[in-house]
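Here the chain labels run A, B and C in written order, and each chain numbers its own residues starting at 1.
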Amino acid sequence: MFSEAKLNKVKEIIARYPQGKQKSALLPVLHLAQEEFGGWLSAETMDYVASLLQITPIEVYEVATFYSMFNMKPVGKYVFEVCHTGPCMLRGSDNIVDYIKKKLDINVGETTKDGLFTLKTVECLGACGYAPMMQLGKHFREHLTPERVDEIINECRVNAN
Amino acid sequence: MGRKLLLDKAHIENIRYYDVYRANGGYESAEKALKMTPELVLDEVKKSGLRGRGGAGFPTGMKWSFIAKPEGVPRYLVCNADESEPGTFKDRYLMEFLPHLLIEGLLISSYTLGANSCYIYIRGEYAWIPDILEEAIADAKKNGWLGKNIQGTGFDLEIYVQRGAGAYICGEETALIESLEGKRGNPRIKPPFPAIKGLWDCPTVVNNVETLAAIVPILRIGGEEYAKYGTGKSTGTKLISACGNINKPGVYEIEMNISVEEFIYSEEYCGGIANGKRLKACIPGGSSVPIVPANLLLKTAKGETRMMTYESLSDGGFATGTMMGSGGFIVLDEDQCIVKNTLTFARFYHHESCGQCSPCREGTGWMERVLKNIEKGKGKMSDIDLLWDIQRKIEGNTICPLGDAAAWPVAAAIRHFRDEFEWHVLNPEESQVRNFGLAHYADPLEIAAPAAV
Amino acid sequence: MAEEKKLFKVKIDGIPVEVEPGTTILNAARQIGGDIVPPAMCYYSKLQGSGGKCRTCLVKVSKGSEADPRPMPKLVASCRTTVMDGMEVANITSPEVLDARKGVVEFLLLNHPLDCPVCDQAGECSLQDLGYEHGADGTRYEFKRRTFEKIDIGDKIQLHMTRCILCYRCVYTADQLTEKREHGILGRGEVSEISTYIHKSLDNEFIGNVIDVCPVGALTDKTFRFKNRVWFLKPVDAHRDCDKCCGKTVLWLRGDEVFRVTARKDKYGEVEAFICDTCRFDKKETKDWIVEGPRKIDRHSVISQGQYVGVVKPHDALPDVLEGRQPKLLMNIHSISQVNRPEIDLSKIEGPAHSDDFKN
């Protein structure tokens, strides 16, 4: 269940659309729900969102599984989403992925045993000029080098404690 | 220095905040527009010759004039900030550093179209930008540029920011509308076009961020003056996001009257190829436009200097030309493998296909798998022809242009770099340890001599 | 005085027809009939919003209209493109269309398991017909075919996602015929699937219609599953007084045994009227129905082979010999046969099945 403040936020979002078009709030509310409920969308979470927006659960499932930013399974506390499309590949994103794999001892798509890190490769994030890069939470980490990756991993470890 | 219209004030510190933007001439275009009738503003936009900056290059004034105006039905303006085409990151720059320029553009455009609600649909991964935009919207509202009865004109406007959630297809205008309605990003079958039946079945105009920002200088200097920038039908300035193996990747505003060579090699722009390497190929308009080898990039097949304009870039059609697209300028140096680059694009389109229509749903994955085999040294000669045939059967046969976008890079790579594909097939082991290199791709082209008189 | 409606003059493959404004090219072609009607795998005239997705009905518009005679630059989906006055369309007379259609058929069959021998839809499958009429001899696809985990959607309807061509008809059916849709399209692109996400059984008075609208064997009738091949059955038109639906159905008989009940379908495979689940699943005895007479089946259909007349059900001799004893299972063919191994999912086998696949 959302807190009072979050429920007000949901109301505010719904108010952006004409009367009866509250389904339009689905993407923003799913983002809120994913942030609030552990970084992924369980069936219960999605059913809850459906009830908030007065739509059927299947309408939520259809949408949630379509968009790549919604996690349908639990993920680590920090998700490294490294771009590997053309422009990043030209500037060595493969090496960065390999380096992270070795450093964290996981494969792409896996989460470290301590549940801290998940490594994903993703398609173009719109930072081609600052390649190689990855998304970490809300922000982009650009101009990656093995040293930068080390710094980021340390930073996460410190923040986690 | 080339003349600038959008980024001319980008260097001013804190230009992203209202006070600084206003003190430097911000919202003066809006002031001007609000004193004109919407028809007159539309005339200025038409006179400017502005073409959509999202990729298709459709004349903006004409698009606006198509909007239906039935009595009592609201009209909507939607700003397409779902910038997802590999190689393109220009809209992000505008929104991060010049949010008020966009808001001013949205205000003028909404006023012209008679829209009282405007939605900025921004790609979900740009997660920090909605905060910047929302802050700017709040400031604009505080200063009477949004909300009820704007500047005493009686015109009302609200701007809302909506975040997507990771789907390239939502850059297609009808998929974007579907997504904005809280649905899967499946493109709609057209007609009806959004101008007649768009968001919630109301008349809607969807325009790219850069297009809407360009409305501001058009009003500032006038449509006719704007049209004097650039060349021919490529009027005004264009943001180019340059990336790949160049010395100075970044977002550049160019007047559409410079050559491709100047853009790549001058210090003002890309600063040449990185690490002293040689240029092998370039994709000048985002991943979906045809890749061209160095020798066809700098000069057209007719031997003319290739310019950074819509017309010159597409000179020669797909046989020897390419496209301006969205301005995502991707440069490949001599060490890059065309097969691998094509594979990453095929993988991209496979990943982003919505799955609604069969050629794209099934064909994109097939192309990726065949390309992967060739790249890994497991390909056959016949695979190259197979790839050609698959892309041919996708192109033009799908609901939306994603099918074409997936087919063109593969087609162009085979058209111009067939040698390299064949080399991969014939040298499966060697191709795993080294690349084909520059080969003959930068050799001067033989220009057919004019027929003897 | 009633205003006379102006009809649009259209030519399809050179054959003129006059249709009402707003008619689609496909429906104009259906008014002409015959070979020039484009095939349609996803369009369903009774389902609003359907069509445009499968791309098998692509045609070439060689003349836009009388007012604007320019040809359309791309092939268009005839099911969703409305005609203009003076429009000229090429379907089977356009090599470009035939080539594109062949491509679409290949795409649709790319990941299809081709498990027709064990599929209940065989014999009345639109994809079989399409492949036969418009496809190439073989596929050029050399990769592992897409498979899905089986999911259960109730005791009456079987979902075989591997066979699905994502026409969306069943989604529209549930949307438009039932109060609350429980299933939909999940995922994106190549791996999208019809599913309920969390296992739910589809339960609604009209949900059985998804079986009839499915062009392939992705949604089949569990009460008929593996009971018989459709071409061994005799379809008869029948009706009953039903308070939920029109009650007009087709009974699929062998002797006087009702194997299944379906809606009546026209020559384009579309139901004439949707029927309720009570008629479909619960009325499996001839005494429930008033039989009108044999269903007319296109003579090209394999089902017409089963149109036997005047045959009575053979006398079952077993009860006579058993003299009132209740027979136990006499022989389980599955435990003896070398190849008939129902636990092996043929759709999961890469490429054609081989005897090795059935060993151990």
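Here is the rule we use: contacts are C-beta pairs under 8 Å (C-beta built on N, C-alpha and C of every residue); 3 or more make two chains touch, one makes a residue touch a chain.
Treat the numbers as computed from the prediction; the structure is a model and nothing was measured.
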Quiz item: How would one label the connectivity among the chains shown: line, ring, star, complete, or other?
Solution: complete
Quiz item: What are the two chains with the top count of C-beta contact pairs?
Solution: A-B
Self-check item: Rounded Å distance between chain B and chain C, as computed from the means of their C-alpha atoms
Solution: 42
Quiz item: CA centre of chain A versus CA centre of chain B: separation in Å?
Solution: 25
Quiz item: Residues of chain A that touch two or more other chains: which are they?
Solution: 59, 62, 66-68
Quiz item: When you check chain B against every other chain, which residues touch at least two of them?
Solution: 167, 184, 351-352, 354
Quiz prompt | Junction residues of chain C - those touching two or more other chains | solution = 185, 187-188
Self-check item: Contacting residues of chain A [partner chain C, same complex]
Solution: 43, 56-59, 61-62, 65-68
Self-check item: Touch list for chain A against partner chain B, complex
Solution: 16, 18, 21, 23-28, 30-31, 53, 55, 59, 62-63, 66-70, 84-87, 89-91, 123-131, 135, 137-139
Quiz prompt | chain B - residues contacting chain A, complex | solution = 74, 83-89, 92, 119, 123-128, 158, 160, 162-168, 179-185, 200, 241-245, 249-251, 283, 287, 328, 330, 332, 336, 340-341, 344-345, 347-348, 351-352, 354
Exercise. Enumerate the contact residues on chain C facing chain A in the complex.
Key: 180-188, 196-198
Exercise. Could you please specify the touching residues of chain C with respect to chain B in the complex?
Key: 51-55, 58, 74-75, 77, 80, 99-100, 103-104, 106-108, 110-111, 140-141, 143, 165-166, 185, 187-192
